[in-house]
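Here come two complexes built around chain A, the first alongside chain B, the second alongside chain C.
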Partner chain A sequence: MIEAMIEALFILLDPYRLSMLFLGVIIGIGVGILPGLGGLMGMALLLPFLFGMDTYAGIALLVGVLAAVPSADTFPSVLMGIPGSSGSQATIMDGYPMTRKGQAARALSAAFLASMIGGLIGAVALSAVLPFARPIVLAFGAPELFMLTVLGLCVVGVLSGNRPLKGLVAAMAGLLVGAVGGAPVAPEYRYTFGSLYLFDGFSLVIVALGLFALPEIIDLLARGGSIARRADKGAAGTGWWDGIRDTMSHKWLVVRHSLFGVFLGFLPGVGSTITDWLNYGYVVQTSRDKENFGKGDVRGVIAPEAANNSREGGALIPTLLFGVPGNSAMALFLGAMLIFGLQPGPQLVARDLDLLFVIVWSLAIGNVLGTALCLVLSRPIAMLSYVPFVYVAPFVLLIVILGAYQESRHMADLVALLSFGVLGWFMKRSGMPRPPFLIGFILSGLAERYLWQAYSIYGWAWLMHWMVIVIAVIAVVLVVSGVMLKGSAQGKPQRPGKEDAP
Partner chain B sequence: MSPLSRFTQTGLVVVMLAFFVYVLWASQGFRDAARIFPTTIAVAGILMALGELARQLLTRFRPEEADITDLGDDASMDIRAHFVTSGKLLAWLIGFVALVFTVGLIPATVVFVFAMMRLQFATPLWPSVLVTAGVLAVVLTLSRVLLLRWPQPLIPIPGL
Partner chain C sequence: MRLTSTALATLALGISTGPGLADDPETYFEDETIRVIIPFSSGGGTDTFGRYISEYLGEHIPGNPTVVAENVTGAGGLMGANEYANAVDSDGYTLFTASGHMNLRMFLGLADLELSLDALEPIVAGPMGHVTAIQADLIDEPEDIAELDSITKGVTDPVGLVEALLAVEAFGIDYNAIPGYDGRGDTRVAFERGELDITTQGTPPYLSNVMPLVEEGTAQTLWAIGFTDADGNPVRDPAVPDIPTMPEVYESIHGELPSGEAWEAYQVAANLVQNTRGTMWVHNDAPEAAREALHMGVASMVEDEDFLAAGEEVLAGYEIMHGDGLEEVNRVMEESPEEVLDWMRDFLTEEFGVEFDN
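== the complex of A and B ==
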């Protein structure tokens, strides 16, 4: 294990791979700072360019994005009072009041340091789990893996939106759209209408770009103006060291919430929003002096920021070891692994341990790099979000279209992109969560293969396997507790200064 | 949630229900191995879609908060105006793809970016020219660095 760890470090220290990690961090910071564009968008934009890339470099590039977004999305939350991504909503509660009190620099540096420590704890947790997970994961057969897929889909479907049934409908639709094309277990083409283009099914890149990138671009353009609508330019101010001292003096708070973040990240479907708010609620509930929360208490910044970085390490555990992505960004990461010919799950632990540790190292180094860059680039980055989106949109749009066309270099790629864009926009507007659709689409082939293997080996008797029953019980418990968790997260306090919110 | 958003959510679930029914019907002609999965999922999908429609029917007169999980809705926005503007932007995109198909990516990009900025967003002339030039530079640079290929147009313009 130790040898694999050291070997992975040397693999990653290759200048090309390290530069890809660095590029991923820069892209992660870029999308993290722009509200509405999160890690999912960053990864979706990168997917088309992964084909033909060195596997380790490609993985480092994506992990760089994952590691940097939770740090960078702190900027708009603290400086403008708008969430940079869904995982930085709770930071607004005390971060933005600190800015209004002229303590933005203190809030930012405290958040960045807490993020970095949280990210490192997430990486350590991921590597600590690997030795224990290996024998367990290898004991899983087709029936158990199918049930895990179902478990992941159910929980993600239930927890992704406010209405569990809508999430589950989206997950079912995603599974069926993923079934278009050649059947994985029989010589049969399904739902192709005789079109050669559909024989291979829809491309992950096109589905992801259509569902997530196009609706965001259209919505941001339709709303008009710049991404940030506030005029608090130059609000960062001074007090960088104060924030660092704050985080160091609350080191146990950082550790506690980082570990809680890892645990929440490990549970499929507990998204960054829930993680963020639960940690905020937790720190408020467990603090003796509560009166400053919501008015600019630095602990209200440190706790959610530590947790939202550490959860990335936790979310990678089910993604890598069981092939069950915990959220849509992890689903894309899973898709990227498939592009490289890597099959997440038991085989990965058995055959590609060095790759797993490359991911761990990338996460750790990406966190440190991302935090350092955020600190250095604070001022110019804060100005980016004041650029009217109409000037940014053509660049993003062209990259999306170019990326989609490179898939099969067929005009139908663009038609499919637009079609999924329309679907994604309607899903967004009607409150039907898109992550379950994407996760269903990605897991479709895998789920069908596991189901068929289980059925052809055991008939329907596989339903009576003890581990299948245990997973089914866990699914029920997680779904029920998830609905309750969602209820408590929805009962969160209103953000301060809402009347000023853009 | 606005009436328009309610109408959209019901419409979308109905479309998905129709999709599940079609998948179920079409899957009956497949071999066993290819049929089990879509049949199982489609049946589950139909039940869930019907359940969701029933939920919407039962709560149709109750106030319902917009689902802002992915920042999809905003209480302060004019939903109808947003739908109209989004429809126009979608039409621009369809026009762009049609233009790419007809005259090729480079000319289509120049026309689309400049025209959309000037006509749809009333952006001043020079910023529009600069952004168009910038986008063109990015497209050309990406094509050189990453060896990307463009769609073959129906009416190729010599030299482009």
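== the complex of A and C ==
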């Protein structure tokens, strides 16, 4: 095992392969920074070049992209409140308010250090757990996965702050919009009105960009000035080191959420978006002093960022062991492996141990390279938040539109983007939280599918699975403790500035 | 501006020398670009096949055109197919890559699918077989298969695994269809988990993921889907010649080949779907020179050592079909009796709610 590990390191240290890894990291940072583009886009760009390429170099190239995207996508989330990719939505909750307060550099450096540690933990976990991972993955059947979606829906309570009713309405609306398109368990189409475009339902990227990006751009333009408030500018110079210190002083938080991220990555069918929000809900719910969450608490940045990097290590486990991709980027990775003639499966672990460790090393080195680059870049890029937004807006708007359009390249993408933008703007204005809408949207199809499968396979007996009961208890605790804590918080005076919360 | 003037120049050239060029396969594609529409997303089986062919085809077609593969995705492939049917010219400059199941959808006339096999001519195809396995504890000996009662079978898009469904139908096995799986990979994991009793996988994932289960004793290989010849006799899958096909297993238990409508439908589906798991099509009303040039390109491509070496894994041990070899595809399409197709449509509609246009 150790031998294979060292051998794999030397395989990767070949200058050509190392430069491919580096190229992958650069591309990953590029597509990560641009809102709407993610690992999927980066890998799709590279796929045609893989035919005939050295296997290890090609794998290093792709893993480089995978490792860098969840770090780089933090930039737009923190700086502009625009999700950089589907895995960095929860970072907005506290990262963006920090930027508004002039603490962009602090939020970014804290995020990147957390990402680096998370990514390394993910790589270690991948190599350590892979030999034993099969029974764990197999333990999560349809009933257990259904309960995880229920748990995800319970996070809505946490995200709604002191507006539980509005949060609930938003989540319901999200569930409804998520039902548009082909039904998950029957060959029928819902609310498509005969339009082929709606057969697949709305794309998550477009919904997220519409809900978060457009309203932010409109409001920033209407308000004038820069993203960060000038009055707080004094704090900017020292922010970078503050962020490093923040993450160091919350090191157990980083470790905890990295491990949680790996675990969620493990489970096929739990995408990066859910991982992100579950981690955010988790950190809010387990913190004693939670009044600053949503207003710029650095822990709300550290937790999801640690988790979204470590999850890539976890997500490789079902991909490599079962050949089942955890998300669309992993599906591409799988396709690339087939180009190299690598059939994922149990024998990959037994036979191609060196390849496996090349993946692990690429993930670790790519992650360190990527986060280090982002850390270096974060200081100058954070200055963007002081540039008057009118100069930045056209560029951002262009990128957002391109990001939405590249999803399926239909004109209807732009109509959908605009519609969700209008919806998001109204929600923002009326104080209706948008994250619950997004969560309802994502979980709608999954919840229906797993519930139906659980029932058709097990009848009602699925309710008695021990893990179902455990997750149910956690969900109940989450909701009840949330209600009780909120009850005690109601006694305190209402805090001002809640209209700024996303 | 530069783009416009180039386009104008090309147009002018086309007008002045048009007829001479258009008739000659040697020059038809000179300095041209061929666009290959792939109606599924990057990384899947059809995409890999389409990109693999696109990578090599250009340098073998007379005139060395540039070949560009493009994923036009959405609505389970309908977006790309309908674009090929309605929005591109039948001049040979645009090709269409389909999966075997996409071909069957076109053949049966799936609702909302506007591309028809009648309008297409195959230029190259790659076969891919499937193998079915069952939980080891369900049967002690092969005869038990006939006695199985309400076993769980995962269903993705029903047309997408129709050969597997028709195999259990033709065998007369009573099964409980569990819907909602995204792809065969998901059904495989559910099979490993024990939630599904039976699973049918493409040969490569069968060998890499199901064989280990067979070896550890938790699963048993049931049958290969295989092929049938023109007289309906079973033909073994060349990639797994040791595994008996479904009709052979049936014959060993019942003493005769299966019969009935499900069996007739099975033959159509197994041959069409598995012979053409990746198919590159061109409009059959494209100029003859274009079609000829494409066939010449494919004929030269399959002699290319680099092409064959790079494709070992993509083709999974199956021999690529081209030229006269595509006759088998045409035979199945021409010889399938309309009443068998009607039965298949009714089966998919009544059991699974799939809608067809005719």
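Criterion: the second predicted complex is superposed on the first by the 269 of 502 C-alpha atoms of A that agree within 3 Å, B and C clash if a C-alpha of one lies under 4 Å from a C-alpha of the other, contacts with A are read in each partner's own complex, and residues count from 1 in each chain.
Methods note: contacts are C-beta pairs under 8 Å (C-beta built on N, C-alpha and C of every residue); 3 or more make two chains touch, one makes a residue touch a chain.
The structure presented is a predicted model; accordingly, all values stated were derived computationally and were not measured.
Undergrad: Which partner does A:Ala44 contact after superposing on A: first (chain B), second (chain C), both, neither?
TA: second
Undergrad: Please indicate which partner A:Trp452 is in contact with in the superposed arrangement: first for chain B, second for chain C, both, or neither.
TA: both
Undergrad: Does the superposition put A:Pro97 against chain B (first), chain C (second), both, or neither?
TA: neither
Undergrad: Considering only touches as defined above, state whether A:Gly265 meets chain B (first), chain C (second), both or neither.
TA: In the superposition, A:Gly265 touches no partner, neither chain B nor chain C.
Undergrad: Which partner does A:Gly300 contact after superposing on A: first (chain B), second (chain C), both, neither?
TA: neither
Undergrad: For A:Gly366 in the superposed arrangement: first (chain B), second (chain C), both or neither?
TA: neither
Undergrad: Between chain B and chain C, which one contacts more residues of chain A in the superposed model?
TA: Comparing touch counts on chain A for chain B and chain C gives B.
Undergrad: Have a look at where A:Leu175 lands relative to chain B and chain C in the superposition and call it first, second, both or neither.
TA: After superposing on A, A:Leu175 lies in contact with chain B but is clear of chain C.
Undergrad: Kindly classify A:Glu188 by the partners it touches after superposition: chain B alone (first), chain C alone (second), both, or neither?
TA: The answer is both, since A:Glu188 touches chain B and chain C.
Undergrad: Could you give the residue numbers on chain A that contact chain B in one complex and chain C in the other?
TA: Common interface on chain A, chain B vs chain C: 185-186, 188, 409, 452, 456.
Undergrad: Can you name the residues of chain A that touch chain C in the complex?
TA: Residue positions touching the partner: 43-44, 47-48, 51-52, 137-138, 141-142, 182, 184-188, 196-197, 199-200, 268, 318, 322-325, 328, 331-336, 338-341, 343-348, 408-410, 449-450, 452-453, 456-457.
Undergrad: In the complex, go through chain A and note every residue touching chain B.
TA: Touch residues, chain A against chain B: 35-36, 49, 83, 86, 160-163, 165-166, 168-169, 172-173, 175-176, 179, 183, 185-186, 188, 190-191, 214, 218-219, 221-224, 271, 273, 390-391, 394-395, 397-399, 401-402, 405-406, 409, 411, 414-415, 418, 421-422, 425-435, 447-448, 451-452, 455-456.
Undergrad: For chain B, which residues count as touching chain A in their complex?
TA: Residue positions touching the partner: 1, 5, 8-9, 11-13, 16, 19-20, 23, 26-27, 30-34, 36-38, 40-42, 44-45, 48-49, 51-52, 55, 65-67, 69-73, 77, 82-83, 85-86, 89-90, 93-94, 96-97, 100-101, 109, 113, 116-117, 121, 123, 127, 131-132, 134-135, 138-139, 142, 146, 148-151.
Undergrad: Touching chain A in the complex: which residues of chain C?
TA: 41-45, 47-48, 51-52, 55, 69, 71-76, 78-79, 82, 112, 152, 157-158, 176, 178-180, 185-186, 188-190, 192-193, 195-196, 204-205, 207-209, 212, 306, 310, 312-314, 352-355
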